[in-house]
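Down below is the structure, laid out as structure tokens.
Chain IDs A, B, C, D and E follow the sequence of writing; residue 1 opens each chain.
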């Protein structure tokens, strides 16, 4: 149930810059896609040969996307070709990396998480996306083969919005925006989960409810841990002075920054909601206990005196005059019914039923 | 019961600047009102034609107010006419936007929330109000048709206070002030709610009390989430260097800023009060439990020995001399009354009733 | 039980600068006292005519003290006479104002609270004191007629300390110092209250103890809410660059600032103490419950087997040899006493009494 | 049980600079010791006459130590002789002063606390030590007669370490260092107390344990309240620009600063430990309750059916065939033993013993 | 169970700079290893004679490693030889020192902790490692003989990575990196411990579970207390302006800094997880209590009326007609079975089993 931070330790003792893939091995072979576009045209090329990587050109935006990180050689080749520092490559391969952005000499390095909700496991799934932003050139590394950047590719091809007119910084923005927009989807999934639990708490709280609340709370903590540094990272990009980010794109970036804050605020609200649900759950458990106790008490207090009375007339004393009266039996029964009735009404008034 | 952040996700994957109304569709047609005033005159025009929007003039304050945001075309027309950035338009349409103020090249963008208390649903209702402040020109966008800015219009027409003498920045201030003054009304409604719950907790705590506390606490969290960024936004306006805010108006703005802090402090106090009420509630529940337990214990401890005694004389041994004494029966009864009496007094002293 | 923030909302929708007294109406007529002093002389004049207010003079310290704020006309007159901004007047009249200091063009505005403990209501009572500090001129506004500034007047008349030799800034300091010194009195009253509750918790915790703790905790929250901005306000005065504060007086002001921190620290300690008392109270309640449960258990477990045994010999089987032994009855009684004794000792050892 | 902040209020209303001893009167007469040293010599003089105080000399370090603060006249005399501001004298006399350092024109004022553990009262005892640091002259004021600065005097006389070679700033450092080193002793005493309580919680938690935890927690809060401003004060000294502190001594001061942080961290750890102990205590109390409940339940559930069975055969119906079988009695007894046995085993399996 | 901060107090009262080993005495004799390397060669020398320490050379990186700190004379010799300030030596010997870095005139002093998990004691073990970084010369002091720097030595000899090409700052980095990489191992061990406890909480919570949780929580607090200042220390190194750190190495250092944050975040997550586990544990305890109560109540409420009925027919009234009917006995038995059955079904529906 605890989230894994495993495997990171296999690197302990190794020299820094030792490239090593940390994380689950998912894709068999890295899939490399290349896109090149200007306002007028957009060319894409699938399955790019790693020995024949495209040269950086001028006046045109180039985007190289790598899916799958398990093959260290390929990553190293790309790193050498485009002059990426080994430390950045290390961070790209370490899929346990926390979101961050770092300025290197002539490029920016950005790492962030694509997050989605696994409905079966009721768990957040994360995929690391790393970006290397150079002048007119953008390289993205994805942990898993998948379509999380598909919408951006589509927009590029269909030339929707102003994306084709803008430079690589706008492309960077578009990718980050796509990923952060996805967080809203995730937040809604979590909200649905919370609503389900809320229903359960209010209608039929049981032994598992607390565990469900606890598990969801843990997912929220994990989510916050992922998004908090993302916010920081975006703030870094906003204050980036490298010249790789135009003022206009920063305007858009500010928007994404706002979104990240909104997500964090939602998470915090959900955490407070869960705390509230827990209180209600605990109180409903103790209410149940109360009603059990009341039942016990009502029964005991009604039957104790009755059992005492029948005990009295079960005694074997020689001289018990009542025993010989003809009406004694029905009168005794009547008295007992009366006692029970009075007690019953008394508890009814005291609101014990 | 959880507050909705829904619908925001429908935009995931779409290019930024795609205008889309996020929020409930409330007004059928946007209603556009235009006001123009200087110290000497004040002209207002209802149902302004969107194809014939007023031109910006000099030396006069112009105010265009749009009620209803569902018709994207209209908003887009206005945006084009007055040169508003698509990102700002997007924020205007997204009624889930958190309060903020942003400086654009030649105008300021301010978004804040009109909040009111829905007595039936016991919920805070929010309406987004966005403002575009240009030199001598102010545009306001309201989510719902309504009269939340009515007092400002009235003051303009009646030339109350210094409002007609001052510029668009004072108008901006007057609108924000009106909205924030409304928060005090809301805070008082919440205070009344808290007082009602307090009464319930002290006099007749029941199963629903906790849920009511919890719900109110959630409203307070929501309110804080709304007003906290408002405070920040006001602070931004105070430090605004765009020349769109005169020093004199900033003096007034500082006052509004103070008010926002006062509201936040009230909310924090209420949250602490609710926590205290919860403690009292829980303690009163456990006190009730205690009294149930005591009743049970008193009955059991009084009747157990008595039942035992009558059991003794119900035994069928051949040789039980007591059984044949004439006074045995009344003496036994007497002894039992004595035992019960002593125990009763003992519990009375121990304060178990 | 909740503290009132009421009445503030009556201003919603009114233009700023609308003077309106917010707070309880306490004094019938504002009482105006005028003092004028230099090192050599000190003149005071009671019941100053509002139409004939003293002119500002040079080289002499002038102090105008107004008691009672309900008469808006009088306040307005004073404001006009000495050129006080309407916003400041508004804050003076709004007795719900949080403590603050604000710099205006040629004067400082300071608002703070005179706090005292109402022993009957067990509540903190607050009175707003506002100060307008101009060159050689000081105006003070008090909410209620009273003697909270009496000690300062007395010192002025008796020329105690260096007060007569110093300027208006020292007078300002003396007034603030007097008010903050009073907080220590209040803190001691609260300490006494806490000690009383502590005694109650340790000796005879009852149903009301929790409510008392809760109420005191609320007073502490209220007190903190009042003193926290006071600290901030003093800090502002220390960094005041208007030339209205001499460096020497700032030295004294730093001292007052230290005192305000000391009060805040005391409050925080008291709050922790109350939390601790609550824990002890709750634990003592659950201890009582425990002792009730133990009594119940001891009685039940001792009498259950005895009742069973007497039941056995109450059975009507034809062939129960024990019934016919002569010693059966006393032996049975003896066995039962033995069983009860063993159990009693067992529970004694297990420390259940 | 609450710590005293009393007596401070006696000053409310008095003019600032009124010298008044706040605190318990402890020493009968102030004891004044004078030390004068350079690398080559060290002269000390006890019982210095207050009317004949040593003149400040050049090129030699002079130290005047005053024990006992109750005699205001003496303090005033010293203050006048060496030109100490009345505000500083006030702080020296107010033994309730929080630790701080203040720069005056040509001297520094430092106030801090000598703390020790009173084993009998299980309380922290504090003594205020104030220092006036001038060029080549150091004056120390101690609340009580005592030997807390004894080690420094001894080192001076024996010329241990570099103390004789260095200036008055090193002497200041040595005194502060001695006092802060003492905090470690105190921390260890507290640790011992915590270990004792820990033992009690784990082995024999009783009614008093919680109160002991609570009291210790309060001492820790008090300690933190004392040491937190000390840290701040040391930081101030480190950034002191008065020229009274050499860079070399600041290096040593940094060390003391580190120590103060270490003490604070220890306190925080202890507070968390106490919270943990409280949780264990509460859980052990509820475990005890659980075991009481189980005993009760086991007894009731085992004996209830048995008592029912014997009741059945105690009925007086004419036609109850079982009553006349010869084996009925032993069989019934056997069946009951069987039932009891099965239940016993069942509870054993369910781990209720 | 509380962590030891003992022994630190033995220094109270001693002059600063008094060298004294604080900590457990572990190694008998300090073991001194010397390494000298450039890109082309690497010489190491074991058991270096302390009277014949290597002279600092130019253009070559020199590393002196001392294992074991108990022999103060040796440490003092080394300190004198390489001009290390007594305060730094004091910190090296005080193995209770919190992690920090300090700039001295011509060298940097760094202290940090080698942490490992002791599986038997279920405790974190810490060893202090101190570094003195001079131009081309690095001295390391280890508390215990051991191999925690072994991997670095190995890499140096095998010339793995860029370590031989870089200067002493890279060596410093490599050592710190090795130590911090080890924290990940520790974090994983703790994760395993948490998983074990989690299992226990979910499957068989018992009396010891809470104590285990508490102990682990304490280890986490201790760990955080160790790593938090490490993060600060790394930040200091990053902002170090002494010229002893090249920009390139700072790039690597930033990486280590990131790692330290990651460790802290993991610890915080674990602490939240433990809090969650505690909640589940407490809730499972109270659930158990609930089930005990239900069993008790079910038994009592089923048997009470039955026992009453058999009591009725055990009464000795002369005139009880039912007693003489032939079917009375079986009918009574039947009725009782019916009552028990109905109750049983009722409780089944109410979900009390």
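What we mean here is this: contacts are C-beta pairs under 8 Å (C-beta built on N, C-alpha and C of every residue); 3 or more make two chains touch, one makes a residue touch a chain.
Since the structure is predicted, the reported quantities are computational estimates derived from the model, not experimental observations.
Separation of chain A from chain D in touch steps, taking the shortest path, is 2.
Among the remaining chains, none touches chain C as well as chain D.
If you average the CA atoms of chain B and of chain E, the two centres end up 43 Å from each other. Distance between chain centres (mean CA atoms), chain D to chain E: 26 Å. The set of chain B residues touching two or more other chains comprises 286, 289, 293, 296, 300, 307, 311, 314-316, 320. Chain contact topology: the protein chains form a single closed ring, every chain touching exactly two others.
Looking at the complex, you find that chain D touches chain E at residues 151, 155, 160-163, 173-174, 177-178, 181-182, 184-185, 187-188, 191, 194-195, 198, 202, 251-252, 254-255, 258, 261-262, 265-266, 269-270, 272-273, 276, 279-280, 283, 286-287, 289-290, 293-294, 296-297, 300-301, 304-305, 307-308, 311-312, 314-320, 352. Residue ranges of chain A in contact with chain E, taken from their complex: 1-3, 5-6, 8-9, 11-18, 85, 87, 90-91, 96, 98, 100, 102, 207, 210-211, 214, 217-218, 221-222, 225, 278, 282, 285-286, 288-289, 292-293, 295-296, 299-300, 303, 306-307, 310-311, 313-316, 320, 322-326, 328-329, 332-333.
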